[in-house]
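Each in structure tokens, the structures are laid out below.
Both complexes below contain subunit A, partnered by subunit B and then by subunit C.
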Partner chain A sequence: MAIVNNNFFEDGDIPTAAELNQPYDSAATQTGVLDPANTADNWITIAHIDNTATGVCNKLFDFVYDGTAQFITNSTSYVTVNSTGIQPSECILGYQPERDEVCRIECSGLITNVDVENNYDSTAVPPNGDRNYYAFQLLLTYDDGAGPLTLVIGEWGYSFTSMAGGTSRYWTTNDGLPENTGVGLGFQTFQFSKMLKYNGVTGIRTYTKVELQAKVNYAPNTLKVSRNNIIAVRAMR
Partner chain B sequence: MAKTFTDKPLHQFDQVKTDNITANVDKALDELNGRLDSNNMPVDSVGKDQLKLPANSPLNVAGPINQFGTIFPTQAYYQTYTNPAADIYTPVTSVDLDADTWSAGFNTIPELDSGLDGFPLRFDAREGMLIGCATIDWEHGNNVFDVAAGARGRGNDWWTEWQVYVNNVSVARTGNIMPRRHTTQLPFAIACGTQPVTIDVRCKINTWWAAGMPSLDVTSTDFKIFSATIWCRNQFR
Partner chain C sequence: MPYVKPNTFVDGQTLDASDLNGNDEALKDYINEGVVSADFDDNLMGTEEIQLGDYQPITNEYTFASGIACGYSTSKQESDRSYWTNTIKKGRLNDNNLKIWQSNYQTSPSIYLEDTADLIITFGGSCPSFEQTVATKGFWDSTLKLGYRKDEDDLLTFVEQSRAYAFEETVPTSAGPSGNNNPFGLIGKPSVTSYEVNEIKFGLRRWIGWTVILKGLTAGNYKFSVYVDPKTEEGCWTARTFKAEVFYR
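Now for the complex of A and B:
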């Protein structure tokens, strides 16, 4: 508590030089360690907030690919989207979160002309229309001091066609033949967002990066992704 | 405004009263001891470390719903979400549109699945703005079936709409989304007072009913939800 004390003199007292100097010496010392006890309420205005690139209340990180090159995959396990082939869809973070901090991550992009096998929807046996699905995930890479680890922030899915997925899907035959598949859905956007909260001790964990990954549920289907971006907002204060 | 002037000026050759010395110094020190305000402090002097650390704001929801919050000096973040199943192709809830209870109007997620009763995001907001986003991974896929003239089951009357409600006021809507599995994102922003806030998402399901098709006892595929998330930033400074 940076409170500066004064000496109290009454009439007739003979102050010494040291006594006279004391409050000024004390003020010189305490003004170097001012704290909330010294300030009035609500003294901070917008002009007092440090306006530098390091951020005070929030800090923004992003990955943006706005070209037309396509990332093409038939993988049934997650692979990192890489539309250009040389720059994977990774948003570099590189900071240590404080306890109870949150990181808000948003991602969006464009699916282009998907290639869809056109008869699996009518398959009479499981997984039937489940093959119709593809999915994305946002994967966080972090380090607690013992090497990189990963955490799935979230997973989200889409369908290649308008047909319903699921093994309980109803279908009938047309004169004994399977009906055709649904309408192929190309050139649609994908988008999702989620927050991540850090509950650990400040200074232990380092968030390294967030990457966008994709997979299909049935290898004969081809997923194509062109422009995509990842935005991460670190909320600090 | 923390300005002060000499209370009892001392002049050359004056006789100095000791209590005047006390009074003059006290006046200056009183300002230093708790009355410093915007006019005394340099601009750009407040950084992250001058503001209070974030504080956890638990929302106390158990079961399949996860919720958390963090309160910062300038803002607060809250999130409610259902994680997807271990397999992203498996829904966390399915609604049999032919047999289960659902409304032709807007349905909340708890109305579709009572196990998700705690999903709406509830917190005490401070006067400012609510800026947030709902992300729902859902499916209302089409199916095909045999009618006399061939396959049917696709049409303009087979759609789904999602809306976000803040205290029962619609603040964002998607419009009609045609049959598919889709991860839908609904960003929203609305002013708020210092008040309790409830945010939820609701969907309107329009499905084609093959009335007059005696050979069919079911006409719709299940309406499915794979995951749902609402996050909200309450910005108050």
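Now for the complex of A and C:
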């Protein structure tokens, strides 16, 4: 904390040069070690923040598709969403995170005119399966210097129908009708987010991209994805 | 850089008033306007040093510093609902083309951007669209979108990243969806059973949520809101979450 000392004189005193120099030398020394004790809380406003590329607090990356074309899949393994057919849902990152750095990733979208051939939750006997589900995942591609690797940031599942999953609602000839298990729902939104923290050594890893991928749990059911976006917020030091 | 005294005093010399005043002047200048970022070490300041922002409850305005978020969250109490109606479309209640946008007051912050910025806006809520009592039933689709105006510009800018739909919660006896979109996919209308009525209604109340990014909005006053183009006589929102984050460039 900068504390600038001063000398007080009384009438008739003859100050020495050291006494006269002292408050100015003290100011010169202490203003070289300013710390938060010298500032008021909340003093940093936008006007104080460096807006050059190296100075910003956060850096945003994004992929946005806001049109009405549909990505259609029956795949039971994850495939990258590509609503336009020419531009996959990839958010390009291209930076090296520092140790303990955090990246926040947001994703949302709209499913459209789904085709639910099998809208019951599961079969009557084990393995019951979860045919009524579709799922998304965010896949990070990174490089530690030996080529691209991937990491699943998170997975999020949804049911095609108005019913949740489980084995208690299924279609049999003796227990109700297939429509009793709910109806397929189209034009519903999906939305999720996840934090990604890097614990390794600074300068080793390069984040390449984050992809939005989708799958269905039962191939005869068709998932269709329209608008979707991926937003990454890099919290910079 | 830190303060540098311009004059040094030496024993035995007559004190020059201008030297003394010069040192004081230099110190005054430094304190008043000479402190620069280089005078603070790296990693010195905590987040408590960053401006929290100012909320004006009367006008529902919020001043941001970079990275600070303004949020709104409410319960599912019916008293918190914000209602809409299509009855203002006189004689054309369910028109598939006539759009009359109504805003949700729960999602209508005014945001003043001091500089060019990117915004991330997150919405989540339930949007029941109740069964018609007068107009034709038929799973009518009401479109929901985020929209905004800037300054005195009267034109709404809609954000297609936020496009979503709320469907009429009718009993499943109609010929099928009557709007532009089919909530039941290629199956078409659901069959009719006593079980299904409630399942459909609950299903059509599935959470509506999105996160959008608006890039390079220039400085000025913005009025945001989630809007609906209603096709049912009665519907409502409860915006459980509405959050705006400002990232100055």
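One rule holds in what follows: the second predicted complex is superposed on the first by the 161 of 237 C-alpha atoms of A that agree within 3 Å, B and C clash if a C-alpha of one lies under 4 Å from a C-alpha of the other, contacts with A are read in each partner's own complex, and residues count from 1 in each chain.
Methods note: a residue touches a chain if its C-beta (ideal position, glycine included) is under 8 Å from a C-beta of that chain, and two chains touch if they have at least 3 such contacts.
The shown structure was predicted, so the numbers you read here are calculated from the model rather than taken from an experiment.
Q: For A:Val116, select first, second, both or neither according to whether it touches subunit B, subunit C, the two together, or no partner.
A: second
Q: Contact-wise, after the overlay, does A:Arg227 reach subunit B, subunit C, both or neither (first, second, both, neither)?
A: In the superposition, A:Arg227 touches subunit C alone.
Q: Regarding the shared-chain residue A:Gly32, is it in contact with subunit B (first), subunit C (second), both, or neither?
A: Second partner only.
Q: Quick check on the superposed pair: does A:Thr45 touch subunit B, subunit C, both, or neither? Answer first, second, both or neither.
A: Once the two structures are laid over each other on A, A:Thr45 reaches both partners.
Q: Tell me the contact category for A:Gln191 with respect to subunit B and subunit C: first, second, both or neither.
A: Once the two structures are laid over each other on A, A:Gln191 reaches both partners.
Q: Which holds for A:Ala146: it touches subunit B only (first), subunit C only (second), both, or neither?
A: A:Ala146 sits against neither subunit B nor subunit C.
Q: Which holds for A:Met236: it touches subunit B only (first), subunit C only (second), both, or neither?
A: first
Q: If we overlay the two complexes on their shared chain A, which of subunit B and subunit C does A:Val201 touch? Say first, second, both or neither.
A: neither
Q: Which one hits more subunit A residues, subunit B or subunit C?
A: Between subunit B and subunit C, B touches the greater number of residues in subunit A.
Q: So, A:Gly154: does it touch subunit B (first), subunit C (second), both, or neither?
A: After superposing on A, A:Gly154 lies in contact with subunit B but is clear of subunit C.
Q: Which residues form the common part of the subunit A surface touched by subunit B and by subunit C?
A: Shared contact residues on subunit A (touching subunit B in one complex, subunit C in the other): 15, 20, 24, 27, 31, 34, 39, 43-45, 48-51, 56-57, 106, 108, 161-163, 179-180, 182-183, 185, 190-191, 193, 237.
Q: Per the contact definition, I'd like the list of subunit A residues that touch subunit B in the complex.
A: Those residues of subunit A that touch subunit B are 3-15, 20, 23-24, 27, 30-31, 34, 37-40, 43-45, 47-52, 54-57, 98-102, 104, 106, 108, 121-122, 127, 129-130, 132-133, 135-137, 154-159, 161-166, 168-175, 179-180, 182-183, 185, 190-195, 197, 199, 217, 235-237.
Q: Give the list of subunit A residues in touch with subunit C in this complex.
A: 15-18, 20-21, 24-25, 27-29, 31-32, 34-36, 39, 41-46, 48-51, 56-58, 60, 62, 64, 66-67, 106-110, 112-116, 119, 160-163, 176-177, 179-180, 182-191, 193, 222, 227, 229, 231, 233, 237
Q: In their complex, what parts of subunit C are in touch with subunit A?
A: Touch residues, subunit C against subunit A: 2-5, 8-11, 13, 15, 20, 23, 27, 30, 35, 37, 39-41, 43-46, 48-52, 64-67, 114-115, 118, 120, 122, 124, 141, 159-161, 163-165, 167, 172, 181-187, 190-191, 193, 195-196, 199-200, 202-204, 206-213, 215, 247-249.
Q: Quick one: which bits of subunit B touch subunit A in the complex? Just the residue numbers, please.
A: Listed in rising order, the residues are 2, 17-19, 21-22, 25-26, 28-29, 32-38, 40-48, 51-56, 68, 70, 72-75, 77, 79, 81, 84, 88-89, 91, 94, 133, 135, 137, 139-146, 150-151, 154, 178-183, 185, 216, 218, 221-222, 224, 226-227, 229, 231, 233.
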